[in-house]
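Structures incoming, each one as structure tokens.
Same chain, two partners: subunit A is paired with subunit B first, then with subunit C.
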Partner chain A sequence: MDADQIRAHLDPIRHEFADPRSLVMPALKFAQTEKGHLTREDMAAVAEATGYSPSFVESVASFYDRLYTRPVGNRVVSVCITLSCMLRGSDEVWEALCEHEGVDHHHGGTSADGRITIQEAQCLGYCDRGACIQVDAEETQGPFTPEEAVKLVEELREAPTPAELWR
Partner chain B sequence: MPILNSVYRHREAGKTLTALADYRAAGGFKALEHALGEMEADDLQYAFVRSGLRGRGGAGFPMGRKASFLPKDSKLPKYVVCNADESEPGTFKDREIMEMNPFQLLEGLALAGFAIGAARGYIYIRGEYEHQARILDAAVLAAREAGFLGTNILRSGFDYDITVYRGAGAYICGEETALLESLEGKRGQPRLKPPFPAVAGLYGSPTLINNVETLAALPPIVTNGADWYLSMGTEKSPGTKLFSISGHVVKPGNYEVVLGDTTLRELIYEHAGGLREGRRVKAVWVGGSSVPVIGEEHLDVPLDYESLQGVGTALGSGGCIVMDDSGCIVRACLRLATFYRHESCGKCSPCREGTSWFERILQRMVDGEGRMEDFDLLESLFRRVSGKTLCPLADGAIAPIRSAITLFRDDFIRVCQEGSPRPDPMLPATVG
Partner chain C sequence: MAEYAPVDLTVENQVEFELDGRKVTAPAGTMLADACYAHGVEIPIFCYEPRLGPPIGACRMCLVEVEGMRGLQTACSTPVAPDMVVRTTTDAVKEAQDGVLEVLLANHPLDCPVCDKGGECPLQDRTFKFGPGQSRFVEPKRHHPKPLELSDRIALDRERCIACFRCVRFSQEVAQDGELTMQARGALSEITTFSGDAYAGRFSGNVIDLCPVGALTSIPYRFVSRPWDVQNTPSICGLCPVGCNTELTVREGRTKRVTGRPDPNSAVEEGWLCDTGRWAYDASWSDDRITGAIVREATGDRVAGLEDAVDAAAALLRGRTVGILAGTGATVEEAGIAADLAAGALPGAIVARMGIPGGALAGLRALPGAQLGDIDDADVVVVVGGDPAAQQPIVELRLRKARRFGATVTGCGPRPHLIESLGAFTRTVPGALADGVAAVAQAIAGATLPVVLWDEADLAAEPAAAAALADAIAANDAARQIELGADVNGSGLRALGLPTADLVLDAVREGRVDALLLVHAEPLDAPGRTAWAAALQDFAGPVVAIATHPTATTERADLVLPALTMWEQDGTLVSMNGRVQRLRPGARGPEGAAAGWELLVALAHRLGAPPPYRTAAAAFRAVTAGHAAFAGITSDTAGILGVPLAAPAQVDGASAPAPAQGEGLPLVATREVYGGTHARRSASLASTAAEAAARIAPATAEAQWVRDGDRIVLRSPAGDSGLLTVRVEEGWPEGAVFAPLGAPGAPTEGALPPDMAPVLVQVVRVEAG
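For the complex of A and B:
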């Protein structure tokens, strides 16, 4: 994504902040919607659009879980594994998904076809619907059995990738 | 005691109030009209103090007193920041308010803004709640169009608007100074205090920071009066509180109870449908995961700040996680240790290093490779980490583990010797 596109996204909200540094995060989140992760070029464009140095922008991007500085799959599937969900079977859901996508059971990862990334998430705030799963930044869903979770990723694999990848 | 759905209007109305007309029909924005038309800012602030409302995010600090700490003579603009970074394990009450009743939060934010003379309000919402953030965006637009936000609100001369700001996945941003750093576009790492946000908060300006549930409680307090709010609950814990209950209960969900009126047993067995047939309570984290764990012997404790403190735990955020006797306490502690290790921001070395050691030691216990010296090792680590950090994350990591070792020592010793096979989870059942 280039700096002009980012500027156009920021212009309507610029007046809401006394310090333009507050625009760095919205800029990063928007820049990420193009490829689903942030490349060096994306971060340089954010730096140019906001007026901060590329190294500062990268330091911000690297801090947050939902800003990806490495490539991920077309769809990112976050499996909540924190206590409430664990008691409701999230480990079983996690393992079923890792098995199905052929990724490492400890760290998750991206399927060989590049379609699906399975990642662990810390408490997603849907403990009443554990075991819960969030696809990209869509509304979290649940509760899931391992079979239902596998069905969800199978459907995701067939579904078209959204035009904007909000994560 | 019965559920009392009196403070949060969507509960009283029994339906979602995402349309402005529905919120108005349920009595919405009457408080703002009343305050802007007939009250002075100081009277409003005094009403908050009198109501005794305590912060619902976890610390329980009196909301009105916090507002009164903002300097009156400051030349700098003032801000209200709503902490909607709800990330405490087991807590999902703010999500319900934002999803079902966004206008009550906006009205509360506007009231708080008027009371302190703020230039703008911000809602810092966790990145994972994009769905809820969009509901808030739509509500802000609707409220602005109807004249409840923007310039010269209800022809009172008061200018005030609200910005919804998305985080990007960091538990630490629920800590108020880390939240401010993040809102200022930086890495979300806590600041050294003092100065407190009331004096130097967002952009160095005086800032009032409150949780979603706290701010949403303000409109009914203004409409019905501080005495009405004070008449509910106990002397030190007035009002009602939303408890999120999850884990091994049949009907997990949010329940609004009058503080001090309901016992933990009633919350679990009457409201949340109890446990599965033949199961007993093993452990309960009443106020989210950062509080000491309690066992079956304390089920009759009334749910309020002082009673919970009396049995060695805390009301915290009201995120009540219940584990029955099918669960393994060491595995539960390990899972929480992993959470805190992952969420430690890395600024203070005792926390950054300590949380990863807690996890490693608990992991070897679960693997059956624990050693008797590990108990002393953990305790010595706790002493070296506790109180030596800028924010309470590390203490939040220690509290559930330390208390579990004290309370369930026999389980820990057995697991050290034999390991802990993974127990069967409770599979999807009735969801309340």
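For the complex of A and C:
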């Protein structure tokens, strides 16, 4: 994605942000819609479009869990591992998903076919519906048993990829 | 680093408050941490550094109890207030300090025995003084592959980092290169550049001085020494005319490191150094350093001992009429003793200085001067000509700071440079700087406290502009000026009253001298080298050179006496705006070399006229006596921080330059940021080497029939330049050629006249690119 595309996206919403630094966030979210993650070039383009240094833009991107600076799968499945969900069995959900997708049990990761990424999430605010799962940082659902979670992931694997995750 | 801001307890408007049961005062607005330090109470700090801008309170180390305020307060960001009751030694404060240090040390590897910072580490010192005796942390610590090379010269040990943000704030706020940031969160936070690129700042080394732990260390100094094995010597940097105050770390007779002073000189560099000044010291032991006297004989070169060589020099010069040239980097002592030779040991000698005559600058130099520190208070800063970011690097940080404080930065000049991004700059046509001066005169007139920085070389070449600028500054009573000098000790040589080198050049041409003594002077590598080469071609007399590194000039000399570099010798330099500062010997220098002033004193002894001094300090007193500029200044009064000259350093009677000679395009001399004799010889700075390129704008290049990569010669009435590579680049003004001074082999200097008067050049293509 180049700086002009990002500028075109920012211009209509610029007035909503009192501090121009805040524009870095929507710019990064928009830049991420193209490949699903942010490349060096994307971040340089955001820097050019917002007027901040590439290094600063990268520091913002690295701070947030849902801005990816490395390639991720087509769908990103975040499993809440905070206390409430853990008491309701999120450990088993996590284990089952990692097992099913064949990814590292400590850090999660992306399945071999590149379609699903499993990652940990801290509290998603769905404590009343633990163990909960968030898909693509958009929709949070729960409660899940390990079997239901695996079924959800299988459905996601077949479902069409949303062309624009954030818009 | 002196981490606390200096507090003046004598000024009006003091606030009284209670500190640990004592009634004390501090000026209103002083931060508690500084005020406490001024009253002998050390509040431990890590992130606080007043030079980096407003405090951020990131490390929580400075917590103190303030009566009436809920919870503990950070002393670094709490200003003193009337009748405040502050307690720094209560149990609550002690517990907080223990707690904060325990957290900071949770992931810190405690590898002090192998850490370069060990022994001079604020974290180590403050843990001993304020920390808990033991850690309760038993879990495994954070580990990273180490070290990470942040650049060729800076190593980053990430696990040692305590996330104080000092380096990030330096990069973002002070140098404003935008390179360093903190990435990720929490325990995974780390200092890094964009995508892990090399840190490319021109002031990057300052983060090493700033780091309060051993996370950022100097690669050339890595594992070289421990703080208790070294001597630290306060000295100054002699690479450019700014004269930044430095501290030399010396071990086993060699300068192993150059850092900013622990107590910065706020009038000059404020503790910051440019990367050239910080790392060029290894040039003093470069492979080609002249370590023994070279005697040229019919049978070939012979390396001689010092005693023999000085005897030989005396034999060569005895009874002759000698032309003596003091180079632009010669110290006041060297130039002064050389001038004294004419009065005793070498009667009839003609003594002159290299550098710009500056006949047109008398008016400007007589105006009220300022120190670099005064830029902080200015509301308008005007830069006329020059390229301070490349020639006087630390000025850039001063201007950035002034802009942070709300000053307007403006200016004019014929060449694009990095400081132009700080404000509105007028690009002038080469030779028409007066137009730009007219544009900035308004800014000077309308300001309440303007500081004008003007470039010596550019204004010396254009008397009309210099006169107009002098009028503009004189019209505003509050206006002060700072000369952006071209030469390291140009002011010092002028203050000694030395005339310009054309005196000696003419004498050589006319056969009025029959020997030459060159004191760090390099006429065959300086502007006008073509004229000098022609004059020396038929010169039959002996040439004796005092030098540290081989140049075209030492190649021509019949006898080369090896001298000491600025990291090794005692002496005095006068900065561009007339600040007298002392070089102190850190390293010993090679076995076969001696300080230039000692060589000259020995020569005077051999010639039968021993001078009445034996030390550099006594020599300074003797050679400056009778010069109004040095009235009342001795090595003692100059002290650690230096003093301004008593009167402007100028020589009356120097001729004004001729109008531009020749036909073709105007030649505009530029400087490379890392250019210069020493920077080019430094192994640490090798990766910064720039090619000797002539920069030409696209349309001009087309009109001149040259393309990018062509090899050209610039031909002017003063002579031909050396081979230069053409770089056709957007952004350079059309209708001129921009070529660098100080490149290896001095190519551009060949096309310039000795007095640096403006020239027009023809572009002659030698090889297609």
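Convention: the second predicted complex is superposed on the first by the 164 of 167 C-alpha atoms of A that agree within 3 Å, B and C clash if a C-alpha of one lies under 4 Å from a C-alpha of the other, contacts with A are read in each partner's own complex, and residues count from 1 in each chain.
Please note the rule applied: a contact is a pair of C-beta atoms (placed from the backbone, for glycine too) under 8 Å apart; a residue touches a chain by one contact, two chains touch by 3 or more.
These numbers come from a predicted model, not from an experiment.
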item	value
Which of subunit B and subunit C A:141 touches, first, second, both or neither	neither
Subunit B versus subunit C as contact partner of A:5, first or second or both or neither	neither
Contacts of A:40 with subunit B and subunit C, given as first, second, both or neither	second
Touched partner set for A:59, first subunit B, second subunit C, both or neither	both
Partner contacting more residues of subunit A (subunit B vs subunit C)	B
Where subunit A meets both subunit C and subunit B, residue numbers	59, 63
Parts of subunit C lying in touch with subunit A, wherever the complex brings them together	172, 177-185, 192-195
List of subunit B residues in touch with subunit A within their complex	77, 86-92, 95, 120, 126-131, 161, 163, 165-171, 182-189, 202-203, 205, 244-248, 252-254, 285, 289, 319, 321, 323, 327, 331-332, 335-336, 339, 342-343, 345, 422, 425-428, 431-432
Touch list for subunit A against partner subunit C, complex	40, 43-44, 52-59, 62-63
Of subunit A, residues touching subunit B in the complex	13, 16-19, 21-26, 28-29, 50, 59-60, 63-67, 78, 81-84, 86-92, 121-131, 134, 137-140, 143-145, 166
